[in-house]
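Here come two complexes built around subunit A, the first alongside subunit B, the second alongside subunit C.
Here is the complex of A and B:
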């Protein structure tokens, strides 16, 4: 059973980093790369095991059985890993590995790097914990670990006003959202007297009270904030550009999805699925999804700052994921719902890959040229062909051109939303039109006439190019077998998420 | 009637503290005061947790030297563990927020939140 090592390895790595850092710069970088690579190995093994067996893996902390002795309810913290959690754990470890490898060169000019690597590893621990946990308070603790690490990383360059201002905005609003989430969890505890998600699901199904609905409202509000849905997306557009680029890749690729949409889907399906009208919850999420789609993508067009453009584009893509989850809830039990949910899961993984790639490209441009203003960047393609190629692949994938991976996931979402309600499909298409416009604009900048600033630019070193090429390769490979991946991984993952009685029985046994 | 208010007094205080916290975050312009508002909010949630675990007339959940009548008559220990965790998280958050406030003052020369807005667009 490799599951505990998913937390043990990066946590040990994080705590040992300050000590290893005493041995020098090289040792510190090597240590961080080694630890993230090891975690990636553990996550791949875990994913393979769960995918092969098709069962839900349950791990009890400190005991063999989640149930207490002589009582019929769980008394310990359980970790519960189904296919969806394992898939997201794999995604987290892959992007974290790539980002750490990238930052060995990208962060070389900064100081305080032993703290940087410690925080990155802690961030990874928090995200992996959210993916695998089956206990509500444990979820809150991991969410806070993730959030605090990301507040600190956004403001890592505290000698710039930009980082500090973005960090303090993110932090104030983020801790407010965390307070909402904690309040929701406390309300559920006060009403039902348990914190295990599976047992709580059973209790809510047996006695759905008004308190449970209030708690769901508070939890959903907090989690929509963490995912950057539209009325509360402002922190994201500030935080992602201000962070170091390797961190933007992790924030945009992972944090908003694991701490936001994944947790929302997990709570809506696995915990509240049996006790609450899924149609209502689904339509509320669809409403936010449509607003997010339009506003995020439309705001991306008018940006002149490259990283800010990518950040708004992330908001827009979160809209697609929320749309898939919302339709999955509202059309629960039908084929349309299955397809929408599979599309949302697929798009989460795809967007993690391509947005990480785009932020790494932006980082390379900033690193080599010292500016991220699009008006000064024309004609990079002549001087930095590999970076520009990586950007081309990432942009084409995010728009959803057929040979790349973004096509299949967006197609699943378009198809299901058109079958569910044509009006929603129209909104999704409008969002994509805006998104295309935004990226075409950047593309023209990249391939235009070289400006004065660009003339002496060179490609970054290997440690920055290799991570980009890994992601390009992943995008192209995933783009070549879209339907096989969707049949073999994404649809089963959507089915395990929808099958909440299996989630409950995995912990409680045949109760 | 009086009894109902007294029994629910902790929850009334929680609601009041939440209101004060939200007011402070929403209407105060000094960064330090906003930090204080978030602290008040966290305090309210912690108080709520502890109040949920109270059993009337019960003893502290420690078995060492417990009087015989404390057997099967102790307050719930789980919310106390949860509160302890959330207090620690709250301290970490406020330490980081105050560090940010110091840095904001260094870069902007003011702690007024309405003036800390160079990022836009």
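Here is the complex of A and C:
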């Protein structure tokens, strides 16, 4: 059973970093790369096992059986890993590995790096914990681990005004959102007296109260904040540009998805699925999704700061993921719902890959040229061909051009939204039109005539190019077999998420 | 650097710092028997450190505080916690193997040497909280100046 090592390995890495750091800089970097590589190995093994068996893996902390002696309800913390959790754990470990490898060169000029690597590993622990946990309070703890590590990492460059400003903004509003989530959990515990998700789902199904609805409202509000949905997306557009680029890649690729949309989908389906009107919740999420799609992508067009543009584009892409989840809820039980949910899951993975790639490209440009202002960056392609190629692949994938991975996932979302409600499909298309406009602008900047600033630019070193090429390769390979991946991984993952009685039975036994 | 506090405060601090430390150590070590535990005890001991910092000033603190040592000890506290949690890996993560059939810490419930890995975890958390809080306070106290 490899599951506990998914947490143990990065946690051990984080605790040991201050000790290893005494041995010097090189040892510290090597240690962080080694630990993230090991975690990636554990996650791949876990994903393969879960995918192969198609079952839900349950792990009990502190005992063999989640149920208490002589009672029929779970008393221990359980970790519950279905195909969706395993897929997202694999995604988290891959991006984290790539980002850490990239940091070895990118962060070399900064000070306080022993704290940096500790925080990155802690961030990874938090995200993996959210993906695998089956206990509501455990979920909250991991969410806070993730959030606090990301507050600190956003403000990591504390000698720049924007790092501090973004960090303060993110921390104040993020803590408020976390407090909403905690309040929701408190209400559920007061009403039902349990914190195990599976058992809670059964209790809510048996006795759906008004309290449960209020709790869902608070939880959804907090989680929409964490995912950067539109009325509460303002922190994201500040936090992502201000963070070091390797961290922006993790924030944009992982944090807003694991701590936001994944948790929202998990709670809406697995915990509340049997006790509430899924149609209502679905339409509420669809409403926010449409607002997010339009505002995020439209705001991306008018940016002159490259990383800010990518950050708004992340908001826009979260809109697609939320749209898929919303339709999956509103059209629950039909083929359209299946396809929409599969599209949302697929798009989560794809967007993690391509947005991580784009932020790494932005980091390379900043590292080599010292500016992220698009007006000064004309003609990078002549001087930095590999970086520009990586950007081209990332931008084409995010728009959704056919040979790349973004096409299939967006297609699933378009198709399902068109079948569900043509108006939603029109909104999705408008969002993509804005997104295309934004990226074409950057593309023209990259491939234009070299400006004075760019003339002496060079490619970054291997430690920065290799992570980008890994992601380019992943995007191209995933783009070559889109329907096979969709059939073999994404649709089954959507099905496991929809099948909430299996989620309950896995913990409680035959009920 | 001149310390700000007067003689009475310094003398009282000399008398109370050991008492606070001992009380904190008591809270940590009896975490499984009485209210309190690793966090509460660790924060109490950190209170002694902060009293030292305030009563004797930053100059004295800088002589006695080693950043690397405290950072390493904090990591060690975390590792000890993780190690205790892994003792029963044969059954499950966080399985209390010491309590079930361990060589020690499995005495009569209510005595000091009972409760399996809990005393170890309390000590680890106490160490981590103490070193972490003292480091944080020392770093804030040493933070450059009021104005640039």
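Here are some notes:
Note that the second predicted complex is superposed on the first by the 511 of 511 C-alpha atoms of A that agree within 3 Å, B and C clash if a C-alpha of one lies under 4 Å from a C-alpha of the other, contacts with A are read in each partner's own complex, and residues count from 1 in each chain.
One rule holds for everything that comes next: a contact is a pair of C-beta atoms (placed from the backbone, for glycine too) under 8 Å apart; a residue touches a chain by one contact, two chains touch by 3 or more.
Predicted model, so just to flag it, every value in this text is computed and none were measured.
Once chain A of one complex is fitted onto chain A of the other, the partner contacts of A:12 are limited to subunit C, with no touch recorded for subunit B.
In the superposed pair of complexes, A:55 makes contact with neither subunit B nor subunit C. The wider contact with subunit A, measured as residues touched, comes from B rather than the other of subunit B and subunit C. Of the two partner chains placed around the shared chain by superposition, subunit C is the only one that A:4 touches, whereas subunit B remains out of contact.
In the superposition on chain A, A:64 makes contact with subunit C only, not with subunit B.
Legend: residue contacts after superposition of the two complexes on their common chain; A:376 is shown touching neither subunit B nor subunit C. Within the superposed three-chain model, A:45 lies out of touch with both subunit B and subunit C [touch as defined at top].
Note for the complex: subunit C touches subunit A at residues 68, 71-72, 74-76, 78-79, 82, 86, 89, 91-96. Residues 4, 7-8, 11-12, 14-19, 21-22, 59-64, 114 of subunit A touch subunit C in their complex. Partner subunit A is touched in their complex by these residues of subunit B: 25, 31, 34, 38, 41-42, 45, 48-49, 52, 78-79, 82, 85-86, 89, 92-93, 96-97, 100-101, 103-104, 107-108, 116-119, 121.
Of all residues in subunit A, only 137, 141, 144, 148, 151-152, 155, 158, 161-162, 164-169, 171-172, 175-176, 178-179, 182-183, 186, 189-190, 195, 238, 242, 302-305, 308 touch subunit B in the complex they form.
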